[in-house]
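Read through the structure below, which is laid out as structure tokens, and then see the notes.
Residue numbering begins at 1 within each chain, and the chains themselves are lettered A, B, C, D, E, F, G, H, I, J, K and L in the order written.
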């Protein structure tokens, strides 16, 4: 992520030994969150079935939150002196989320897809939280994102139990 | 774009002979507009230089409009009975926009990058407008998007003339 | 629709040869849209079943849009010098929509009723769009209404596929 | 109004002996209020004369209130276990309001038409208030509607005295 | 409810012979409405099943209304010179609502639980309305609450018919 | 109150035998409520003492409510065909409220003055409610005003017990 | 206006020689502005005729502004250490405005009444502005009020020329 | 309109053969719409007569819409690479609207003046719509403006029929 | 709290060894916060004395915050796979707060009661914060709640020092 | 400015000897402020260069303020009995501002143009303030406008020092 | 205040002979108003006692107004070509307000402290108003600030009389 | 910071051994944040150069955030039982920020000044975060402030790289 000629452009207040872990955690989270927003939008359009409206609306709430987190994570990267990479090819190559279908999909299936997508994002996020303890600012940001993703995971999983 | 098992799921009010052109136009526009939103967000984070703040803010206006158009275009696709494809891999593979850098980029360069990105999107859009005249609803939607993209193009180009 | 003693009261900027088609298109659209608002309200009250709340809310969105279109269409009629007729008896006699039941109705049935009501309104509207090309202002108005009705049709049909 | 196969679907908290009077009062009020909203909209479009703007705006205030009352009355009917009937044909057949003209109408005439329409609605409403005393909830709702209709009646009558 | 040493603290405008009935009605209503808000919140958290989102949202509407009514009822008690008792132990001991489960509960079951909870509250409320006719202010307040609870009852019952 | 040459100007929907009681009740309430708004404003300016700010703000809440009630009462008078009289001389001559001081007044004293002013207004209002039962619209309006005045009375009295 | 036992309660920043003129100007303005608000409300209820709605609305704009000015003037009095007198009897006795009728009044007549009321208020206000030049704060307040009253005077007079 | 040294500054997406017609249409529309805003403001100040308030307010609605259209038209010109000319001298020299009086004018006369001003603007606009069909973006913009101007024309003409 | 048949319904992202501590902490916090909201409401109604208004308002701020925290805590429980128990009987039995009086209470006493209630809630909350460090999401939530409760504690204690 | 047949239409509260100076000051200010709004809009469209966005936005703030001042000044003229003249030809002929270019203009140049335009307007305004001291209402209005124009002048001049 | 190398940077529209008095008045007012905002914030945190909440809130109103005045005064300085000095050391050295305590302070004492702080600020402000009459813009600004400070002074003093 | 006679006034929930570190951290942060708000305001007024507007606006965003943090930090001090010291002399004596110039300053220089000011504040804040781990509430507050200051630091530094 961190371009060679970017080194030294910005001051980083993160302890030197934490810089790499922080950089990796932010870049991985950025990719997963962008993909989460695209996956949720895809499902927003593809869903069919009796629960169409309810799920169509719930998906946009995921999109809204994911987009807000994307910006917070990317701007935390810049604040530690690194240019984040949120390009479509990078997202397509590095996301922790499974590829989803672009065909019309039943509401039951969409519920499972979203539950799995959130689970994949939370797992990598939780793992990264454990690695960035030396920069409490980044740690706090990722904890806050996990709090909301875990809440959303409950809301989606609750629809299929 | 149109999945095999999606055929016949939905009623389309578009004349049969216009269906393919409409489908293609919407799918191409969708991909370009998603990519435009990702490119503008990337630049929103990467830009450096004396005009940082002004361009940082202007880029978010592009993001906001591109995202709104993405939803309108995708839901027009569903309204003509086709499931749109807005996944990251599809965007990465099919966008008409040039790949951009993920490194910190000077404000002068960002202005040129955005002017070119808008130009690429407008050109394919204008071409598609010429092909969908048999479905005035889709035609009207694409004209409205082009109107705003051309206005944005002026605003970005005006910064470098 | 056009009362005898109304002739000549107002200036019309529509080409003379287009006046009759425009007048007919607006009057037919007005009647269908008023009826659509009444049918959707009726279903808003009559619906029962597990999806009650979701459909109850979705029906009011149809009502809100239909009412807004009613006003736009009627005031376009006055702008071309004709007094529109939106009285209950006229609506009851001339609507393109099928009569609906006033008894409590299952949510599954309401979804079908609304899909059919929207389809009937869109079909007559699309036919009229093809007749009013000589008055681009009226044409543009009807295209805009069809865009929204076709989107709503997808949303309702998606609940039963 | 109460469909045969609707019996017993819903619990009614109204005393059994009051049920019929309450049902009739709500159905009659519903029809009159829907018609009032359609009559006021018709006049909103048809009015001409020096006071056009003032009356055009005042008519929309009647429409707004009438529509709100329509929903309250219909949902009171469902709350007492009866499906209300607000279809255009029912309104056309059963309204207490006189039929109005669909031609352009002078502002002076519109003032009289609206005063008479409100008077007709108030009279049947007042009569029904006297019959539903055994269900204080319905009684309170109808009193509240009469309060506003009588206020509107003054405002319209004040324009012609 | 009325503490011994509270006598005479406040002026009451209620006829002396109505004071006890009014006091009892307000205290019973207060307890039921607080419990209704707690029961609805409990279900808001416990509900699972395909209709999770729709019911989760609908429950918060009950909570919002119940809480508003709680304040109105309690402040009516103070306005007639009596300190209301809204403590958890009082609610637990005196509520007319059945105890609910705190375990995860299917959406179908929650619909029945809420329908029954509303029915229990309405029945005691209707009974009290019949006893407070000598204080029209209290009577009017309780009628208004019953109007909304009966409407909510329809909305919940409609989901299971 | 009712001017000689006003007779017959407006239609009244109030039973003929209730007209006089209704007219008197509305005129007396109007005078008391205007005076209440003036008395509360006077105290808003005159109050001094440690509780200045709290009471200064509370007085404006009385003013706001009194002014709203003034308009409702006066427009109810017009709705029953009578021109209300809200002139300063009429208020000065006929108010049920005691005259207050215009000098700087301690906060303790202002609390007592406001408690007494509200008590005087409520007593005449309660008496009038008992006389207008034949016009449920007026009765309902006056009950609603008494509900709020009694609540305010508690809030003011609570400051001195 | 200034009560004997109020002397010395508050610090006044007004030059000693200006105190009396300032006090008089504020007390006279207060009385006139309260009366203006009551006169405009009276006309708001009493007006009849073809222009009813337009004038009914315009009168409430006068009321809103007059009430705001009343508060500013009275609180300027307290700020110079004097308790203003805004009681109904004081207003009735000392207003510069002519007494108005409480009967239903034609719209033409109301326009003249309001034009005269504003003229009376402006004349005394203009005279007082000339006397309070030694306290620029009070002078500035009264100039601002006159600016708006003169604008309102034009708007009312424009209706009868 | 297009300055010599402006050539080539901006990219235009309009077909070359349509550029001149588009440029002319936008410049003429700009001048007429600026003048419409100035004419309506002039009348906003000059109008006198019984309908003063109603017309005074209606004129500001014309001003608001005209100003919004002015900006859209001018920025469409820049988007096709041309600098629009909205200077007072250009407007004075090239407007299609007749010169109006700056003296106080009766409300009846103002209605006629505005009806004529709107008619003049619509006629040149309709003519230009017919010339810019090769640039659907400009065409769509001008159609939208004509829609609103024709609606306003009806509203003004309705006041004198 | 965790029902037997709820086991395994939901995925929990909390480390297995932290699950019990997290569950206990959330359930205890939920009970205390519900009780805090009920205690504050009780005092909102029962308070009397010169500081009535100020304390009456401050109590509702406690209620608002407590209710918001209740929802956050309960939904954190569901997000870790456990159904929280917020029923009145559970609250009455398990709250860490002392029982309060339901009689009218002097403002001085209410200040002490609220200070003690907040202290009791904070102490158990602080103790639980020390036990949930293995789940940073829950830890962060409880820290945020303690921050606000400690701020409120200062505000209440400041009134009696 | 003051039309012959306008004499005597309106009451003026300005001292007779100040009337001419006031009239002239208002008419000159009106012309300059309208021209300022047109000049700023022209620059809003014509500006090009690296600072395009910042200046484009700043220009609209000038337009917004100038338009608000235009209305205040013109309605002050009517309030002193004179019909202001805000027609395009009058503005073109009498403005104190230099003519500007309608061609695309560099941002550096636009800054100078706006600084000069504001300076020209302020100078004539300051001169007029010195002449209208006998009408404090007009004087106060012009001082307020100068305050804002001088602030804007600083903001524009600060960009080129 | 005016730095040597700032001379001539900006145009000043103030008469040359008034420049020094204006500069001094603005700089002194700036310092006093910044200090007033800091003193009020200090008290906002330090206050204790039964009136804590009321005074805590009232202090923030002083802060809000003082901060707004600070900006207006400083930007008036720049508008007359002078860079104001609002640094903490300058404020600490030159404020007309007495130093306050940073320890917890009883509410009674805070009332006196604020009354004195406002009095000190008003006295220097009033003195400066008398010196800047040759620049009516600055004079008008300072009069407006004094108006509000004197009103606040009354509100604080009223709490201790 | 903690006054002698303040000891024991308030309950502190912070572990005794952490009290001193927490107190110091809060007092140092308070001083730096107040100074940051004053420094940013100073630059808001002093900045000149081509980027004036952009920087002028960005500085107010720093002021807004700094002021909000000031209040949070100071009220955290009171919540741990200590009266914070935010007086101008204390700020002038103890701020970690370098003194800035009060003369007009070029935009390039202002960017450097703000970057340095933010860096100084962040460094002391980061150091204090490392010392207050025993009070997670204070720790969490300071982390949140550092997160925003580091983001602002990037935004300012990005303008000069």
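The criterion applied here is as follows: contacts are C-beta pairs under 8 Å (C-beta built on N, C-alpha and C of every residue); 3 or more make two chains touch, one makes a residue touch a chain.
Given the structure is predicted, the values throughout are model-derived calculations rather than measurements.
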{"item": "Minimal step count in the chain contact network, chain F to chain L", "value": "2"}
{"item": "Chains in simultaneous contact with chain G and chain L", "value": "J, K"}
{"item": "Superposing rotation of chain G relative to chain I, computed on C-alpha atoms, to nearest 5°", "value": "120"}
{"item": "Pair sharing more residue contacts (C-beta pairs) when A-E is set against C-H", "value": "C-H"}
{"item": "For chain G paired with chain H, centre-to-centre distance based on mean C-alpha positions, whole Å", "value": "43"}
{"item": "Separation of chain D from chain J, taking each centre as the mean of its C-alpha atoms, in whole Å", "value": "53"}
{"item": "Centre-to-centre distance between chain D and chain B (centres being mean Cα positions), rounded to whole Å", "value": "49"}
{"item": "Rounded Å distance, chain E centre to chain J centre (Cα mean)", "value": "62"}
{"item": "Per-residue multi-chain contacts in chain F, two or more chains", "value": "9, 48, 51, 54, 75, 78, 104, 140, 158, 161"}
{"item": "Chains that touch, pairwise", "value": "A-B, A-C, A-E, A-I, A-L, B-C, B-H, B-J, B-L, C-D, C-E, C-H, D-E, D-F, D-G, D-H, E-F, E-I, F-G, F-I, F-K, G-H, G-J, G-K, H-J, I-K, I-L, J-K, J-L, K-L"}
{"item": "Residue numbers on chain B that touch chain A, as the complex places them", "value": "1, 3, 5-6, 9, 34-35, 38-39, 41-42, 45-46, 48, 67, 70-71, 74-75, 77-78, 83-92, 95, 99-104"}
{"item": "For the chain H and chain B complex, residues of the former touching the latter", "value": "9-11, 13, 75-76, 78-81, 136-137, 140-141"}
{"item": "Of all residues in chain B, those that touch chain L in their complex", "value": "47-54, 56, 104"}
{"item": "Partner chain L, residues of chain J touching it in the complex", "value": "51, 54-55, 57-58, 108, 155, 158-161"}
{"item": "Contact footprint of chain D on chain E as seen in their complex", "value": "119, 122-123, 126, 129, 139-140, 143-144, 146-147, 150-151, 153-154, 157-158, 161"}
